[in-house]
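Got a structure for you, questions after.
Letters A, B and C mark the chains as written, and numbering starts fresh at 1 in each.
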């Protein structure tokens, strides 16, 4: 399996009044043509990891890494202008809430079209054809009508599908999805995930799926990194998640209430300060 | 989750703590943290420095001023500033020159700072408070009270500011107090609008619902829960508006409707200097520079305060 | 005696052409000391029922009885001593400029308590925070700690009934477990009646004895948690909800 993305010893630092705050501390992993899940609680550094790969950390925040390479090519040394070409065209990102990611005063179709024309020099007509095909690919039944709609006229699930269409239209090699379904209802969640899954598989892309939901990630990904306090504490094949060894992962799994196994009191995660100091596991 | 520890002095650590131990400690700590973020903004500190300098000057005007601002010496009228004195040698004592009646411009500027501060303080006390009251009551109660209060605000807003102030001064009589009153009466509507807009967003937040569910009445909610959140944005707006208020006072003075001669009000000084502006530039320029500096200082400080106080960016 | 009795409750927003019916003739009944869950997707009107009970929804019709008495319009202070609510988002339900101490002491003084200092320590103890949190501001607290403060505020007037509006949906799962345990303990300790709203069937199943499933403003089915676990549902929408949440949980 060829390596699409290699990350070695990634740090994200923010200077604060009380010293330097390390949001991500020495994370290493590689990504092939697979679905890699990054799981953690809020503040674990999982979203920061995703943003750091695209070098989207704004100053005064700093990104440091021994290696950050896309198909063997270094990303750390690139200028902001060169990074702009990478973003979207080679690595794209889907955020949590489509309401904030779509431009509210621009029609949906035009936004998808623009996303394509930003990276490929084609005529408007051709771009529109491509956009319509993309809308169909994300299972939108009436693309002609949706094409002319404004973002506020579409539902959350459809908005997220539109975002996926927009992010996939330049044919990126890697997609980073940061909590793509947490703003959606359960019944819509599965549908959006299925669409994303199919497209990623068909195109031979690499997917980084960032989520707080262990079960969702284990059902959807091939491999899972579990992050705690800016480090990777454990890495597992997704189907072996329930055999996790690390007490943090076990604690997270056990703290969920379950429909099929009622209990009087839920198990509470006891945080061990040692977890934050341990070496990061590379995945 | 790791903050690398840096050694801190006792008081500083006490003020920077995340675990305050008493009411006073908590308040002191949050004030100190706001001060730290303001201190980080160099332009704001420059503005604050200029304003502190202005207060010191006003307090010590009688000591600092080289001569009495009202003493005329017609034989020494329109003396140029000291660095141009070589054209007209032999005259000492007028550092910034003298005006058409031979009065020392520097002394007049120093005494004039008192008037400027007086105007600024009075307006800052009146306009925002009226605005806050009207805006929060209108915003929180809604309905016909809102409609009436806001239409009154609209009426005031529709008048050109200086013209309305002119009308007030014309009916009340010229003079510095009436000028302040006139400026305040024309300055409050924007504050009412801001306060109302803020109130409308705060009104429907969960923390206001929560206190309503404790049985709190509207007066308590407005004064204890809504005001603290509106005040910070009003302080910012007032600071930014101060420049305009000084200019309006100067404008009234310039038109002869504010401070009356021989009062060394800066606007009135420019007005007097206007007649000589081509031949004796300093008479109008010096007070102009003073107004410019103080207005700029207020603007810089206001910008910095916005970064510190604006609840939208939050202190998180 | 019943804790909460709701019959034919309608809640709507706007008038005439702009009228939107958020809740349509809802009936539900929670026995005193019971624990009842309202489940549904976003926009199903489940939170609106809570708001209507608390007097936060402007226009409603129907019958709402609390502890055997019809509610007044507007709600009296006695009502708020008996019924309290915990909001969904602890980041929005605490005043950003008020410390924990201010929040609790204001609540206590509004309800006419005099031994405020003692009660604040007691409340902080009850929700597992301890005295060191007393003078902190919301931005110095984590999400779970904020929600504990919000729960302490709701407990301050010693209510009989607690309305819970998705109290854990904004929190991490490990914190959710802590808060759910806390809610379980508090109910046993203070003999509270719970009416909880959630989109998470597992959470409701853990806390509640009976649930009502809502769709598009209507209660489509009311059933016991045992029946829900056994998939003994009659309505297809309940079945659909159950299946999708089992699917996403099973893995």
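Odds and ends about this structure:
Going forward, a contact is a pair of C-beta atoms (placed from the backbone, for glycine too) under 8 Å apart; a residue touches a chain by one contact, two chains touch by 3 or more.
Just so we're clear, the structure is a prediction, and the values are computed from it rather than from any experiment.
Across the two interfaces under comparison, A-B and B-C, the one joined by more C-beta contacts turns out to be B-C. Ranked by separation of Cα centres from subunit C, the top chain is B.
Rounded to whole angstrom, the centroid-to-centroid distance between subunit A and subunit C, based on C-alpha atoms, equals 33 Å.
The distance from the centre of subunit B to the centre of subunit C, each centre being the mean of the chain's C-alpha atoms, comes to 47 Å. Interface residues of subunit C facing subunit B in the complex, by the touch rule stated above, are 54, 56, 76-77, 80, 84-85, 87-89, 92-99, 101, 106-107, 110-111, 132-133, 135-137, 139-140, 150, 153, 156-157. Within the complex, the subunit B residues that touch subunit A are 1-6, 16, 33, 36. Partner subunit A is touched in their complex by these residues of subunit C: 41-42, 143, 172-178, 180-181, 184, 199, 201-203, 205-206, 225, 228-229, 240-242, 244-251. Within the complex, the subunit A residues that touch subunit B are 16-22, 25, 43, 229-230, 276.
Across the complex, subunit B meets subunit C through its residues 18-23, 25-26, 30, 205-207, 209-216, 224-225, 228-229, 311, 314-316.
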